[in-house]
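Both of the next two complexes hold chain A, though its partner changes from chain B to chain C.
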Partner chain A sequence: MSLSESKLLQAYRKMRQIRAFEDRVHDEFATGEIPGFVHLYAGEEASAVGFCMHLNDEDRIASTHRGHGHCIAKGVEINGMMSEIYGRRNGTCAGKGGSMHIADLEKGMMGANGIVGAGPPLICGAGLAAKFRKNGAVAIAFVGDGGSNQGTTLESLNLATVWNLPCIFVAENNGYAESTGSKWSVSCENIADRAAAFGMPGVVVDGHDFFAVYEVAGEAIKRAREGGGPTLIECKLNRYYGHFEGDAQTYRGVDEVKKVKESKDCLMLFSKRVTEQGLLTQAQLDAIDKEVAAEIEASVEHAKSSAKPTAADLMTDVYVSYP
Partner chain B sequence: MARELTFKDAINEALAQEMARDETVIAMGEDNVGGMGAEGEIDAWGGVLGVTKGLHAKVGDRIMDTPITESAFIGAAAGAAACGMRPVAELMFIDFMGVCFDQIFNQAAKFKYMFGGKAETPLVVRTMIGAGLRAASQHSQCLYPIFTHIPGLKVVIPSTPYDAKGLMIQSIRDNDPVIFCEHKSLYGLKGEVPEGSYAIPFNEANVVREGGDVTVVAIGMMVHKALEAATALAKEGIQCEVIDPRTTSPLDLDTIIESVENTGRLVVVDESNPRCSMAADISAQVTEQAFSSLKGPVRMVTAPHCPPPFSDVLEDLYIPSPEKIAEAVRTLK
Partner chain C sequence: MGEMIKVTMPKWGLSMVKGTVNDWVVDEGDEVEKGQELVEIETDKIANVLESPGEGVLYRIVAQPGEVLPVSALLGVITQGEVDEAELESYIAEAQAAAAAAAADEAPDPLTINRRLDWEGLTIRYLDSEEGERPLICLHGFGGDKNNWQFNLAALAPNRRVLAPDFPSHGDSTVSAEHSSPLAYAKMVSAMIDQLELGQVDLVGHSMGGLVALLVARESPAKVGALTLLAPAGIGTEINAGYVDGFATANSRNELKALAVQLFADKEMVSRQMVADLLKYKRLDGVEGALVQLAGTLHSGGKQSEDLSSVAQSVPTKIFWGKADEILAVSNCAQLSGVDVEQLECGHMAHMEAADVVNKHLT
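Our next item is the complex of A and B:
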């Protein structure tokens, strides 16, 4: 597998955007200015980007409550996302969705989702639509280890095989469903082992390693596009923050996150590999870091200075038409 | 003489005509075709009670069988609707909503609002309602008030073959998610149905019988029970105006209130259980908006607050009867 310089730069930029976005939302949440429930994706960037780098706007993804990373990876505009998280009228969803419901169908992003395991059935539908419309599109459902235990996910795996849908199911196993360890809540060693029961390939991949994810994703997406049916892929990875902002994370081991950050942070691994192999220079990466930092700073300023919805917005967009 | 069709065939014809007109219309459900993976004939069933029989020969793979997996395929229908298709998914019995409700009320119903107006979900969920076939507690309920409660959903309950065809065509063309409730006791009912395509707009109640003494609002199968009651009451000199709302969301309250302003009396007949029912809802809205027109309390005739029973003796007691409706009307005179 070889990635062009521009693809490598794009991958790094996306992962850095997600990290910077999430770190900043974490800081801003602590100030009390961001309302509601927020679940951060920091640490898992290689998964969203490794998959979405293969996709175009016709391809669909469905995300989870931890959806910011998938949104950015799929091309949802950052200013709109930040405004949405601040509940502003110019947000991606006009301030009506918030962190858990960011969606942009024009970009093929069918929504973060407040219901664990809700995405896979929707993605079966997206795959079905692609089949009927013969547009060669694929559809990817991201779920967590928690979502992997939901009946909706298991039913969707069966349906995707029965209907031979161009779907990929990605189980992002970050070790915890809320505070409950996946070692306890998942009945088998690997979530991907369940694929065999549904007649599809199952693959386990190191979700910290962008290149490994990118390769596995590419194979599954190619097979799906060619009519070869669905795949279940488990990305084993870690989340750096709590289940939600405000989670004291007393269930985690001492220095658990620190050790992961030091040994297998996805951005660190990526940087090391591309610089050691002479694919990119540190200067190129530093330049992206600087640009992204400015971009996120600007998005926060933009969001904070943007207007909130008005009373006139409360009852709009409930229906397309309603007397 | 005008052509007659059964309620069931009227729905079938609406599906066939819309699927011929628009290639994005697809249908799916358990045994909607029937016979998949078996050695016998294809289209063996055409739905558990034969509503979709014969469509496979007309539209081929655009009508699909599903495994028994309501969460997955109702969700898939919602997802496909958000991706440019117009799916008609069959939730065999409305009683099965419990296994897939999230995909309807948290997903399909809310996409448009949650996503800031940028999503459209032209989904139709066809589903059987109602008692009368001794199908017992898990196959006989009228749970449409639960769907009516949900912002973002539209709820349609036809009472005649003519309405069934026209409302189904409107449901498919509508750009919002629609719950289309088919009373299983009406499937065999015959009535005049034009051969051509026609859509009946939502939010237009049908004044089924005119009368100046008492307004009787009745839904679905109850329209027929109310008409029976009205015929009996006419012999006693009481003239009922029977109104069929046809859709409970949106609800054509104007037509109901206009009638109540004339009669001053209202009976609402609803096969749902009484609490938080359409009867309770319509009573409350009329009381709030037309209190000064009322000459007496609004009467509700509903199923009792118990699950639908199996035994014929009990089920007959459970379903609102023309006698009970007439009794309620008489208390107002």
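Our next item is the complex of A and C:
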């Protein structure tokens, strides 16, 4: 597997955008200006980007409560997302959804989701639609280790095989369902082991390694596009922040996150590999870092200076008529 | 003078609005790095340690252990480089003032409180913006309630005090057929002015509320400044009696929908929710009887019972009337001289359909 220089640059930019976006939301949320609740994806970037690099706007994804990374990876516009999180009228969903309900159907992003395990049934629908339309599209649901234990997920795995749907189920196992360790709450060694029970391939991949994710994702997506049916993929990775902003994380080990950042950070591993192999230069990566920092700064300024929804907006966007 | 960085009460989780400052983990004068633990904060749900927002010296601890402070309140100041004490003091004063202003913004909007007062043994519910001069009382129409002013109250509140009651047998006020007549409602408004010590007020009345406003002006002239009447009853004699009687007895969704669309020029303004709310109200015990009786006081033989044009001529009065009004025809004011009448491109609900025009006048 080899990636062109432009693809490598794109992958790095997306991962950096997600990291910078989440680090900034972490700081901004603490000021009290952001309404509601946020759950940050920092640390898990290689998973969202490794999958979404293979997708086009016809392909659909369903996300989780920790959805900002999936949105950015799928191409949702960053200014719109920041405004949405700030509850502003020019947000992706007119400021009515907030962090956990960012959806952009034109980009194939079916939505972040406040319900744990709600994504898999949605992609069975999207997968069935693609199958009827014969447009070669695929549908991907990201769930966490907590979501992987939900009945909705298990039913969807069964249905996807029964109907031979072009679906990929990605279990992002960051070790904790809120504060409950997955080593304790998941019944088997690997979530991917469950695939055998549903008659589909199951693959475990190191979710810190973009290249490993990209390769595994590519195979599963190709198989799905060609009518070969669903796959269950488990990305083992870590989240850098708490379950939610303000989580004291007393359930985590001393320096647990610090050690992961030092040894397995996905951006660090990516940079090391591409520079050591001479695929990209450090200067190219530094330039992206700088551009992304400015982009995120601008998105915060943009959001803060944007108007909030008005009382009259309450009555709009309540029902949607699909053509 | 170097850089100064505010350490503020964080927002953690979904619902945190204030936190208790526990122990500082670092001392005044200590050097700190970004991300270093600074101070323990506790809320109803969370106990966590606040991380430093930047690098420098924790030059001043502002919040002491045990203090309970709102989100964004100043806890301390981190400095980089030389510190000018006077500038630091003014920086702290500014930050505290900004936080206090932000906290005031967070206070519940007074207009969201469903207030009550007692009148002749009944509970009268009303909205009140509390602050401001030149109180304006907004009087709803037949079968309406205080929420009919949803497009007006918040828009007017920054400039003057606004109040909106539910008449007896309407909204959340007590149902009482005995107290359901325009004259009884006028007495209630007069009592409200006294109880709340409002002094002299302006009145805006819609439809039957316009008739009530005219009656208050007639009965208690000292209490009323200016009148604004929106498609008022009590001016002229024409009335869509079929609507009034039909509304009093309607008890199905379809009947109410067919009536509600007569209120608006743009029929799309009648939402499912609006009809559902009307139905819920109409099914309250005693409402139908009270409305039937009230309807009987508003018209007889298809004509309005009372013409109060002379009152409108004796008090500063402005009338707005929709050209497409299907309930009280705009022709009612054809013979009215000496009163400022403005005709609008709307139906019976000028305060909703032409809220901007009405609000501009009332401001």
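The rule we apply is simple: the second predicted complex is superposed on the first by the 319 of 323 C-alpha atoms of A that agree within 3 Å, B and C clash if a C-alpha of one lies under 4 Å from a C-alpha of the other, contacts with A are read in each partner's own complex, and residues count from 1 in each chain.
Everything below uses one rule, namely that a residue touches a chain if its C-beta (ideal position, glycine included) is under 8 Å from a C-beta of that chain, and two chains touch if they have at least 3 such contacts.
Since this is a predicted model, take the numbers as computed values, not measurements.
Q: With the two complexes overlaid on their shared chain, look at chain A and say whether chain B and chain C clash or fit.
A: Chain B and chain C clash in the superposed model.
Q: Pick one for A:251: touches chain B only (first), chain C only (second), both, or neither.
A: neither
Q: Who does A:27 touch here: chain B (first), chain C (second), both, or neither?
A: second
Q: With both structures fitted on chain A, tell me whether chain B or chain C touches more of chain A's residues.
A: Larger number of chain A residues touched: B.
Q: Where does A:37 make contact in the superposed view: on chain B (first), on chain C (second), on both, or on neither?
A: So A:37 only meets chain C here.
Q: In the overlay, one of 116-124, 170-178, 242-250 or 314-322 from chain C clashes with chain B and the rest don't. Which one?
A: That would be 242-250, the only stretch with clashing C-alpha atoms.
Q: Under the touch definition given earlier, write down the residues of chain A that touch chain C in their complex.
A: 27, 29-32, 34, 36-37, 244-248, 311-312, 315
Q: Could you pull out which chain A residues touch chain B in their complex?
A: Listed in rising order, the residues are 60, 62, 91-97, 101, 103-106, 110-111, 113-115, 118, 120-126, 128-130, 132-133, 139, 151-152, 155-156, 158-159, 162-163, 316-323.
Q: Spell out the part of chain B that touches chain A in their complex, as residue ranges.
A: Of all residues in chain B, those touching chain A are 24, 26, 62, 64, 66-67, 69, 71-85, 87, 102-103, 106-107, 111-120, 151-152, 154, 174-176, 202-203, 250.
Q: How about chain C: which of its residues touch chain A in the complex?
A: Per the touch definition, chain C meets chain A at residues 8-14, 16, 46-49, 53, 71-72, 102, 150-151, 154, 271.
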